[in-house]
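Next come two complexes built around subunit A: one with subunit B, the other with subunit C.
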Partner chain A sequence: MPSKKILVIGGGPSGLEVARGIADLGYQAILVEKRDRLGGTPDEAQYAALTPDLRNAEEAIREMIEPVENNPNVEIMLNTLVTGSEGSAGNFRVKALQLGKPVEINAGAVVVCTGFQHFDPGRETQKYGYYEHDDVITLVDCEKLLKAHNFVRPSNGEKPKRVCFIQCVGSRDRQIGNEYCSKVCCGVASKEAIEIRQQAPDCKVYIFYIDMRMYGYWENEIYWPAQEKYKVNYIKGIATEIVKKGDKLLVKGEDTTLRRPMEVEMDMVILSVGMEPSSGTRDMAKIFGLKQNKYGFIETTGGALETVSTEVPGVFAVGACTGPADLEDTVSAAGRAVMKSIAFLRKRELVETI
Partner chain B sequence: MALDLSYNKYADVTLDEKERLFDEVKADLRYHHALYGCYECGICVAACPSARFYDFSPRVIAQAAAREDADLIYTLMNDSVWDCSQCFSCDRCPRHNSPGMLITIMREVAVNNGLQTARKALEGYGRIIYKIMSTGTQVSPDMLQPNAFPDWGGHVHEISENLDIWRRALPPETLHTTETGWAVDDKTIIELYLIWHMTGVMNMIEEIDSGLHMILVDVMEEKLEEAGYDLSF
Partner chain C sequence: MPVDKSQIIEKESVVVDGIELTADWNRMFLTRVVSAYEDDLMERTTSIAGAESLGWCYQCGQCVPVCPVDAAGGSYGPLRVFRKVQQGIDLLDDPDLWKCTTCAQCLRVCPKTVNMIDIMPALREVAVLDGKVPDELQDAFTNTFEYGNPLGESQRKRADWAKESGQNVAVMAEIKRPVDLLWYVGSYPSYHARGKDASKALARVLNQLGADFGILGTEEKDDCDSFRLAGEKGLFEEFAEYNIKIFNKYQFNKIFLTDPHALNAFRKQYPEYGGNFDVVHYTTYLAPLMGNLPFSKKLNYKVTFHDPCYLGRHNGEFEAPRQCLKAIPGVEVIEMGRCREQSFCCGGGGGGMWLDGFMADHVNERLSENRVREAVETGADVLAVCCPYEVSRFEDAVKSTGNEGKLVVRDIAELIAEALG
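Entry: the complex of A and B
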C-alpha cells in the first residue's frame, strides 16, 4: 500500500520549514531528528544572532519550531537515527534506531535535510594552531562567547584589545580539497565583528580576507555598516601563520593592497571556518543511493533551475546538504521541496487511480 | 619617488602625536562627508591625474582613513598629500568618499601644525600666495612672457612667441591682462583681507612662512586700518 506520508530527515531550519510546509498543505510529515531536540546547527552550536539582520537566533529558531510542534500533521521522532532504506518511490520502508531501538518508517517520499558541519580547523594547511593556542577560536566558538555576552580571551579571561578574523579557512583551497566558497562566512564574520564592536567598543577588529563575498543586501546590511559605522578594518590578504609571542598571537601575512608585509599582534584570532557535508548528509547519500559531488554534498539534478530533486525518484534534498547555503537559500529551497514532494505523490496517485 | 608605506616610518614621532593629528583630521566638519568606507576598488586611482605621474594613490588615503591607521595617516600627511592636484576627479567614488577632500583636510592639519614637510612643499609657492592674498588675483594670459616666470620652464618661451594667435585659437573666458586683471576694487580687497584673517588663513601662513606673513601683514595693515578695522582681532 503506497504511503502518502513524507519523511523529513533532519530537524534544522530546512527540515523544520519542509515539515511545516507539508503540514500547511494538509499532508502528513514525519520529522526525524537524531538529537534529543529540534533546531539543528543554529541551536546545537548556540548561534547568537542570525546573518544578515542580527536577529536573536534562539528566538528565530523557536519561531520555526513552534508551528511543527503539536501539529497534527507532523509526527516528530527525536533521538532517531536513520540507518537504512528499502523499497522505492511511493513506498519507502526506512529503518531507523530510536533511542537504540529499531523502528521502521513508511513514507511515499523522502526529503533529506541533514545540513552541513563546520570545517575542522585542525585540517587547515596553513599554520593557525587552533588546537595549539587557546586564543585561536572559530566563528562557531565566537558565537557562543557573543551569545553569553562574554567576549573574553579564552587563555586568561581578559577583554581583548585587538582581534582578527581570518577568512576562507577550509574553503577555496585546493590543498585541502575544498575549492568551493562556503558562501556565508564573509557575512557571518562581519556580523560577529559588528557584535564584538557592540559588546567591546574598545576592541579593534580586523578581517583578513581574499575576496569579500557579500552579495545582494548583505553588502549594505552588513559589509558597509561594519566598515562605516563600526570601523571594522578589512585587509585584503590572508595570514599564513600564527605564532605565540609572549601572551599575544603574532599573525603573519601580507597587506596586499598597501603592498607591505604584515606582522601584527592580536589578542584573539577567529578562524572563519566554512561548510562541509555533515556526517548525516554523507550517510543519507549512501543509504538512499544519492549522487554526491566530489566534496560529498548531495547533487541535485538541474543546476540552478532544479535545486531540490535528486536522481532517485521520490527523494529530495534541501539546504546545506546540497552545498553551502545560507538561511535564505535553505528556506526557499524548503518551500520548493514541499511543492516537489507533494506534486510527486499526487502525480503517482493520479496514475494509480487511472 | 616610490611611496614608502612601511610601518612606523616616522619613528621619531610618537604614536600619541600621530593620533592627535589624526583626531584633528577627524574632527573637521567635512571629514564625515569625505569618508564612508573603502573597499579598495581603485576607481579613484584610475581617475587621478597625479597617479599617472607620481607614486600617489587616493585609494591609499581613503584606505588609511577608513582603517583609522594613525601611523599610516601620518606618513601620508607628510609624504603623499602634496602630490594631489586637488581636481576632485576621485569624487566619482561609488562609496561616495572624497579622497581629495580628505587630502584638503590633511593638508590643513599639516600646515596648522607646522609640519616640516608642509613647509617644504609650500616653499616654492610664496610668490603665488603673496600675489593671491595681496591682490586676490594671480595669472592673466599676458603673463605668459619668457621673462615673467623663468621657473615655469622653457616652453613658456615657445608659447609666448605667438601668444596672440594662441589666444585667438583658444579664447580664454576673459581677456584680462595684468593691467586689468590685477586691478581690484578696494571694497573687494578689504573683504578678501578680512576673509584671510577670519578663516585662519593668516595663521596658517604664519605657521609655514613667517617672512611672507610679515610682508602680508604690512600690506594689509594699512588698508584695513584705513577702512576702520583693527588688525589685532
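Entry: the complex of A and C
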C-alpha cells in the first residue's frame, strides 16, 4: 500500500523547516531524530548567536521547533536511529531503532536532513596542537564560552588579553582531503570576534586569514562592523604553527602583505574549523544508496539548478548534508525539498488515479 | 625605524659567481620577524576625531598604484600607512605623517572610503600641537602668521602686481561701490614672480571682457587651506574669521578666484565659520565668455593640461579649463594619460608646497618631475596650468628633468592674454 507520508530524517534546521513546510501544505511528515531533542547542531553544540544577524541561537531554534511540535501533521520520533531501508519510491519501508527497539516506518518519500559535523582539528595536531594546548580551541568551543558569558582561558580561567582566530582549518586543503571552502567560517569567526569584543572589551582580537570570504550581505553586516566598529584586526596571512611559550602561545606564520614572518604571542587561539559530512549523512547515503561526492557529501542531480533531488527517485537531501551551507542556504533548500517531495507524491497519485 | 645593527651581516669579502664583493657590497639583513601587532596604537590613532577611517582598510591595495607619493618612490598609500600603524609605528613620530599631499586619488578608488583628506589634518594637528613639525613647514606657518602669506612678503606689497600690470584694477577699499566680482587673488599670484605674470594676464583678460571687478589689495590675506590640511587648524580658523570679516565689508555678487585651494576653503570650510559666498574659479567664469574675446594672434601650440587636484577631484571642475584652452586660436589640446579624475598631483597640496626639502629625503623624484615627464611624452610644447602652486613647481621640474627647450609651463590666463596680441 503506497504511503502519502514523507519521512524527514534529522531534527536540525533543515529537518525542522522541511517538516513545517510539509505540514503547512496539509501533508503528513514523520520527523525522525536520533537525539532526545530537536534543534540539531546549533542546539547540540550550544551556539551562542547566529550568523550573520547575531540573533540568540537558542531563541531562534526554539522558534523553528514550535511550529512542528504538537502539530497534527507532524509525527516526531526522538531517540530514533534509521538503520535500513527497503522498498522504493512511493513505498519505502524504513527500519529504525527507537530507544534500541526496532521499528518500521512507511513513507512515500524521504528527505535526508542529516547535516554536517565540525572538522576535528585533531587531524591537524602537527600544526595547531588542539589536543596539546588547552588554550587552543575551536569556533565551536568558543560558542560555548560565549553562550555562557564566560570567555576565559581554559588553562587557568583568566581573562585573555589577546586572542586570534586562524581561518581555513580543515578546509581548502588537499592533504586533509577537504578541498572545498566551508563557506561559513569567515562569517562565524568575525561574528564571534564581535561577541568577544562585546563581552571582553579589553581583549584584543586578531583574525589571520588567507582571504576573507564574506558573501553578499555578510560583508557589510559582519566583516565591516567587526573591523570598523569593534576594531578587530584582520591580518592577511595564515598561521602555520603554534608553539607553547611559557603560559602563552606563540603563533607563527607569514604576514603576506608585509612579506615578513610573524611570531606573535597569544593567550588563546581559536581554530576556524570547517564542515564535513556528519556520520549520519554518510550512513543515510549508504542506507538509501545515494551518490556521495569525494568528500562524502550527498550529491544532488542538477548542479546549481537542482539542489535537493538525488539520483534515487523519491529521496531528497537538504542543507549541509549536500555540502557546506549556511542557514540561509539550508532554509531555502528546505522549502524547495517540500515542494519537490510533495510534487513527487502528487504526480504518483495522479498516475494511480488514472 | 632605527636600524638594528645586530640584524646586519657584512663580511670583509665574499666571492659570488667569481666576483669579489667587499664590505657593504655584500651586506645582507637577517629576517625581521613581526613579533607583535601593536595592540593599542591603531585604536589610539583611530580614536582621534577625523582619523577613524584609517582603521577601515581591508588591504585591497587599490590606493597604492594611484598614490603619487608611491609613484615617486615614497612607498606610500593608505594601505601602507594602515599597515605601519598595525605594526606599531606611531604616525605622529613617522615621516609618513607628512608625505600625503591630500590629492584624493586614493579616496577616489577606495571601496572602504578610507579618507586621507580627513585623517591627515586630524593627525597632523596633534603633531603640530606637540611641536613635531618639519622645520620648513614650520617656517611657512610662521611667515603666514606674521606676514599674512607663506612667502614672508610684506603685506603692503600685496597689490604691487596690479600697479605693475598697467591694467585698471580697482581696489575695494578705494572705490567704495559694489562690484560683480570680488577677485580673491591669493598669495602666490600676488607675490611670486610667475604668479604675478598670471595675475597681470588675468587682469587684462577681465578688462577686455569689460568685467566689473575689484581686489582687496593690502587687506587680502592667505586662505590657509593647505595649512589646515597640514595640521595648522588654528591658523586656518584665525584667517578664516579675518577673511570672512573682510569679505562681509563689501558688496559683490561672486568671489572670483585664481587659486583652487582658496576655492576649496571658501566653498567647503567657510560655511562652518559663517561665511556663505558664491565662489567661482577663473576658468569656470571665463569658459562661457571666451567667444567675446577679441583674439588677434594664433598661438600654434600643442598644449597639455594638468588638472589641479583641488579644482578637479576635490571640486568637480574638469571642463572649464579645457573649454578655455580650446577656444584659444591655434591651440591644440593633447591629453595626458592621467587626466581629469586621474590627474597626477604636482606635490604642492596638503602642505607639500613647503616640504620639498623634507620630501627629497623620502622620495626618488619630485612628484612634479614625474608629471613633467608625462607631459613631455605627449609631445606638447606647453604644459597649461590653472593653480598658482603649479607654475613654479613644474618650471623647476622641467629644468631638473632636462626638458628645458622642450616644454614651457604657462598659466591658462597667460595663454589667453597672449592670443589677445
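Rule of thumb we're sticking to: the second predicted complex is superposed on the first by the 352 of 354 C-alpha atoms of A that agree within 3 Å, B and C clash if a C-alpha of one lies under 4 Å from a C-alpha of the other, contacts with A are read in each partner's own complex, and residues count from 1 in each chain.
The criterion applied here is as follows: a residue touches a chain if its C-beta (ideal position, glycine included) is under 8 Å from a C-beta of that chain, and two chains touch if they have at least 3 such contacts.
Since this is a predicted model, take the numbers as computed values, not measurements.
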**Asked** Looking at the overlay on subunit A, is there a clash between subunit B and subunit C, or do the two fit?
**Response** clash
**Asked** Of the partners subunit B and subunit C, which touch A:265 in the superposed model: first, second, both, neither?
**Response** second
**Asked** In this superposed model, does subunit C or subunit B come into contact with more residues of subunit A?
**Response** C
**Request:** Name the contact category of A:257: first (subunit B only), second (subunit C only), both, or neither.
**Result:** both
**Message:** Contacts for A:150 in the overlay, against subunit B (first) and subunit C (second): which applies, first, second, both or neither?
**Reply:** neither
**Message:** With both complexes overlaid on chain A, does A:198 touch subunit B (first), subunit C (second), both or neither?
**Reply:** neither
**Request:** Considering only touches as defined above, state whether A:234 meets subunit B (first), subunit C (second), both or neither.
**Result:** both
**Prompt:** Between 60-68, 276-284 or 330-338, which subunit C stretch has C-alpha clashes with subunit B?
**Reply:** 60-68
**Complete:** Dual-contact residues of subunit A (subunit B, subunit C) 212, 223-224, 227-228, 231, 233-236, 257-258, 260
**Message:** With touch defined as at the start, can you tell me which subunit A residues reach subunit B in the complex?
**Reply:** 212, 223-224, 227-228, 231, 233-236, 257-260
**Request:** Going by the contact rule at the top, pick out the subunit B residues touching subunit A in the complex.
**Result:** 5-7, 36-40, 59-60, 63, 66-68, 72, 95
**Request:** Sort out for me which residues of subunit C touch subunit A in the complex.
**Result:** 31-37, 39, 42-43, 46, 52, 55-56, 58-59, 61, 79, 83, 86-87, 112
**Message:** Under the stated contact criterion, what part of subunit A meets subunit C in this complex?
**Reply:** 162, 204, 206, 212, 223-224, 227-228, 231, 233-236, 255, 257-258, 260-265
